[in-house]
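Okay, so subunit A shows up in both of these, paired with subunit B first and subunit C after.
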Partner chain A sequence: MKKIEFNDIAPAFYSVLSIVFALITGAVILIFIGKNPLLYFGQLFFQGMFSPLGLVESIIKMAPLLIISAGLLACFSAGLWNIGVEGQFLIGAVLAGWSAPTLASLLPYPIYLLSVAALGAMGGMFWILLPAVLKARYDMNEIITTMMMNWVAINLVTWLVKGPINDPTSVPAQTALIPMEHRLSMIPFTSIHIGLIVGIICLFIMHYVIRKTTLGYEFRVLLSNKRAAFHSGMNVARITIWGLLISGGFAGLAGVSDVLAIKGLFQGDWNPAYGMTAIPLVFLARFNGWAVVPLAFFFSFLSVGGEFVARDQGVPIFFVHILEGLTLLFFAASEYIEKRRAF
Partner chain B sequence: MSSLMDMALIGAVMASTLRGTTPILLGALGETFVERSGLLNLGLEGMMVAGAFASFLVGFKLDSLMLGFVAAAAVGMILGLLFGFMTITLRVNQIVVGLGITIFAHASCSFLHRVIFGNQFPIMFTAGQTHEVPLLSKIPLIGQPLFNQHWLLYLTFLSVPVLYFIMYKTSLGLRIQAVGETPWAADSSGVNVLKTRYIAILFGGIMGGLAGAFMSLGDLAFFVPNMIMGRGYIAIVVVMLGKWDPLKVFLGALLFGFSMSLTSALQVAGVKVSPDFILMTPYLVVIATLLIFARSTNLPAALCVPYERGQK
Partner chain C sequence: MNVPPLIKTAGITKSFPGVLANDHIDFDLFPGEVHTLLGENGAGKTTLMNILYGLYQPDEGHIEVCGQKTRIRSPYDSLKLGIGMVHQHFALIPNLSVLENLVLGFEGGFILNMKDAEKKLKRISEEYGQAIDPHELIQNLSVGERQRTEIIKTLFRGSEALILDEPTSVLTPIEAEELFQTITTLKNAGKGVVLITHKLNEALAISDRISILSLGRKIAELNGDELRSMDEKDATEKILNIMFGGKPIPECSLVEKTISDQVVLKLEDVEVMNSRGVVGLNKVSFEIRGGEIFGIAGVDGNGQKSLCEAIGGQRELVSGRIRFRGEDISRKSVSKRHEMGISYITDDRMNEGCVLDLSLAENAILRGYCQPPYSRFNIIDNTVVDRFANKLIMDFDVKATGPYVRTGTLSGGNIQKFILARGLSTEPGLIICSKPTYGLDARTVNYIQELLLEESKQGTSVLLITSEMDELINCSDRIGVLFNGKIMAILDKCDATPEKIGKLMLGIEE
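This part shows the complex of A and B:
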């Protein structure tokens, strides 16, 4: 039997270490505002992990994170920074909310689902098309452009649900409610919608696309040496556009899944800001699809547990985002230790 | 009568252009020096949020505007120090650190705001006061909009030529440029690369903090967690557009200040467009200007490359 060396588990070790340090720093912050961190984390872990409600909620909330992460795997492993998943998610979601009530009455259920999903994914791709072309053609920083498209999307969807696609029969700014029989179906014997399975499939497809296909190989070359990619005759512009479009498409699909399964409609002020969670998550997973699953569970459990505890102990839900930011910072710092070990 | 209305509208646009320009310009001037030294600070957005919150919290609780601005500068500097420690000393990925700082700062401010103020958004009534410049403010038409503003606004605009001078005519400015272009050459000619970069990022942090403080205590008189709305990223765009030259950065910031003020001016003028639609314009302007002007960017050669002796 092969002995397990430290170097084999080092990536996982550093990711777990980053989370542990973030939790410790979070505990210090809690002490600072006069809360008991043992009580907070105790209740969070107990309710999140050991109550059936918390566990099921955490698993349901994994779906959008898994789908978004599948797309981020593609662009991050090509060294492309799609920071605008929030905007692409909203565009996918608003398209689903607008099209689902009509399409459901016209088409048989499976075809209706597929067409809404395709529409949402195309919406997400459309939303990143401009940043992708600008990056490919003029090497324009995609962090900036995708971020700007976020704010355009946030304001655009608000305008859409107030005006053109507003459901006139309801008072708040929202689209028409999708009837229960036209929502995403559940995994048999559970109350978990099939978005979870879609997410896991997307994730593993992308995991293998990156490792086993020509496009994936080109992504990885682009990440490690752009000039080498260019001089070996790769079409850098085409790879760049694909990397970004794929990530946008999955973000749009995640929006569809949340609207069809959980919300049942699109509301103007609804913005779950999954990007803030998915970006640290994919880094911690080191662009490895298998590692995304447990991490997605952990982060979604943090936010579900955090919501429960927020009510009981008066620790605002934003605390979970602090932990996410800290995890990203500690993860960045772990790169230093890793480099030193390498010499 | 209508010409009087037009005059008032033009005056209002001028005044709000200047106020909209100030936070972007403050952040962008700091970022100019940071990027010249070879660092890309994507944490600027977070530093502006933290500055806005810290200045309001301290200013409101201690009832002192001055301490509020000092607090903003201090918090900006601390975040700058954190960014510097991770990217200069530990030499880790600047983009990840920048995003981490922005998420952390944004979440912390929302969190602390909820802990301290609950669901209240108190207003600080002494904030946002303007100061008339004697004589100049009496000039018809432009006097009031240009010379009856907050002190930090005057200071920001006056700092443009000063920073231009520092960048191109002092040894500090030349050292900053050198460590951003050829750090190994700068090192071998006796420039302390790490120290020079620390100076730049601490300055960038202070400017970012003050930019936030201007939003919450200068232009407005309250704090809401989403008030910065991407101005940090817009400042980074302005630096790229201005090609790391304080004077050109100033012109770029004015352009965005103008597009932000148009959003309110159109509403005042009674143009029948939905406010949500108008709110999109500054971000569309960013992308459009990038399209027109930024096709050839000469990035500092060592941007985003950590420096280590003996490694090239």
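This part shows the complex of A and C:
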């Protein structure tokens, strides 16, 4: 049983093409605001991809994107739109920041890691439980409910680190620092933490879950024809809840990975907003786990390189978000063209 | 005729991956005529019309409209050229009103002038005898009324040529009668009508010309003189001969069969609500025995859907009980009932019966995906699934290039064949089939009817819901007539006559 579109070469071509067009349009915009695009992109690529520091930095930044994308694969391929990745990420992160210092001193290292990861993932799942149930039972639009849960999460974690789980020994609103030896370990001979490997594994598991398992099959049927799913006896509510819970769980896990590996604690106003990058990413990859990896690298390279360049050339850092947006725009256009060409 | 044809195609060729759907087709339509297209399932009728409607571009050949060579790039172009099409599976927007649907996408300035539109709608309705309430929501209309809206929509946009793709397959006999009156009116008003159908009697009754397609080629054209020179029987024979190359069509045989004493399905005072929250079935009771074909007659919308879904498990009972082989299944889930051997073949093939965006292989296991051999430990075994899909395609002669094609690319009749193949493949104990032969060509209709009889001879029970009187009377052992959610009467085969059934269907008791 072969998937019809996913495996063809054409989709990859269109995705690459939309990136190229986005870069070209970005260059035109740079000219308009009086910057030299050659200089900008030259430095962007050099710093983000070809300097050892930039390269490592870009690769490290892939981890949360990969983990989040793994979850989004599940819900998007069921036609469920979890827009609240940020909120679930923050809940996972805050749980990790709060529990890690204590658990680390009580449990042996591997078990401690697994428990914190499980706790964070469950936190993410818990955070999407309400939208999932509302969707499954009352068909309430999950785009709106998950987005609302985002705001609740952002405010909740800020409050938590100011009060209940604040580390009294430090002045700013944050949790206690996790000692270096309790952080996530590195891939041998590198300074890249194992979150990257976790991400890749998650991604490929989900890639195959969607294509080979009965749950994935249910997702795909639900995406294209909910009535047929119901008619043929599928438990639509159960599938809906699973699709959303899986995506929430992975988002929570991504939060754990970032806290344990990079931050070492949870800070009140910290919100990397990976959702904004991961959601377009999964679309661009057309729900294909393999395609997510290079695209995740590209996007994290953009943000790392963009940071470097912003300092040097005074192009605001959000310019890379403009590039991301443009990529998605061209991608939408390419999908349209592709559909027309089919006739 | 000296007037140029409204539409003319010359050498139209269109191929899809692995299929030559249209092969150098010359076709024309004059003002004031009904030109009928006949042909087996997958012959290329819909494709040719979609080309005229601008949905597909031909690979070769050209189109002339009123003598002018033109290119039709989109439905928008074709509407401007005065060509309107009502599709095999039409698409109105359910939660808009009739009027809103009519003005949708219609150029007439940015501000929709509803008052003018309503006046115009009224004029068209009167002119062509197509009464419809402009403010009714589409979702509340019957299929026949929706189709009427589609026709009005094309007239509203000033179409001179009308393409109707299998319009009667979804209509009740009365609605079909009304449609033919409309077609006649249109014809007399000088419009041209292309009619696609599988029912030869309809084609012969109304056509001025008949073209026959087969495997993408036009293999015959019968003009008015030829048609008039034959009586209906000769003409039917001749057309079938052309269409199916003289291969004999198996008649519905009446071989003796035995109906067992075992009651397979038993409904006891079943009550359900239909999808609009109104009583769908009102204390319905009957039983079906092993090997029996129980026919259900009735005007569409009198509880047929509720009945199927109550037994299939998609609809909850308000009261009453359903037993299958003695076991109470009233509270069992759809998949449980399916496992027990109840196979429900829906008449809504595009929306319920299959997932158009998925492949045939994926659709083949829509019901059985959870069970071995299709999956083990929740892992789907693709080799088995592919082989199964291939078998369905072979057994039912489904016209498709393989199990991987997107189901939506199949012709309407071939999708129906595939769904039937799947529904009959599980060796069920009870088959519920609603309009099993709709949209199928004459030969396949016979094949399916034969097959249902064959199944019943093997001891399978069948609940056959159909609006075809011939099918109903030929195939059923007993016939129940549904009216307003109630079984009006249950007739034995020997005393079921069309007249009797017709009266009961309208709620007239003896």
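The rule is simple: the second predicted complex is superposed on the first by the 335 of 343 C-alpha atoms of A that agree within 3 Å, B and C clash if a C-alpha of one lies under 4 Å from a C-alpha of the other, contacts with A are read in each partner's own complex, and residues count from 1 in each chain.
The rule we apply is simple: a residue touches a chain if its C-beta (ideal position, glycine included) is under 8 Å from a C-beta of that chain, and two chains touch if they have at least 3 such contacts.
Being a predicted model, the structure only gives us computed values, none of them experimental.
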{"item": "Overlay on subunit A: subunit C relative to subunit B, clash or fit", "value": "clash"}
{"item": "Which superposed partner A:Phe230 touches (first subunit B, second subunit C, both, neither)", "value": "second"}
{"item": "Touched partner set for A:Val221, first subunit B, second subunit C, both or neither", "value": "second"}
{"item": "Of subunit C and subunit B, partner touching more subunit A residues", "value": "B"}
{"item": "Contacts of A:Glu57 with subunit B and subunit C, given as first, second, both or neither", "value": "neither"}
{"item": "Which of subunit B and subunit C A:Met149 touches, first, second, both or neither", "value": "first"}
{"item": "First, second, both or neither for A:Glu86, with subunit B first and subunit C second", "value": "neither"}
{"item": "Contacts of A:Asp258 with subunit B and subunit C, given as first, second, both or neither", "value": "neither"}
{"item": "Which of subunit B and subunit C A:Lys212 touches, first, second, both or neither", "value": "second"}
{"item": "Residues on subunit B engaged by subunit A in the complex (per definition of touch)", "value": "42, 82, 86, 90-93, 95-97, 99-108, 110-112, 114-115, 229-230, 233, 236-237, 240, 274, 276-277, 279-280, 283-284, 286-287, 290-291, 294-295, 297"}
{"item": "Subunit A - residues contacting subunit B, complex", "value": "29, 33, 81, 83, 130, 134, 138-141, 143-145, 147-152, 155-156, 158-159, 162-163, 276, 279-280, 283, 316, 318-319, 321-322, 324-326, 328-329, 331-333, 335-336, 339"}
{"item": "Residues of subunit A that touch subunit C when the two form their complex", "value": "1-4, 212-215, 217-218, 220-221, 223-225, 227-228, 230-235, 343"}
{"item": "Complex contact set, residues of subunit C against subunit A", "value": "55-57, 313-314, 333-335, 337-338, 346, 351-359, 361-362, 365-367, 369-370, 375, 378-380, 382, 385-386, 389, 403-406"}
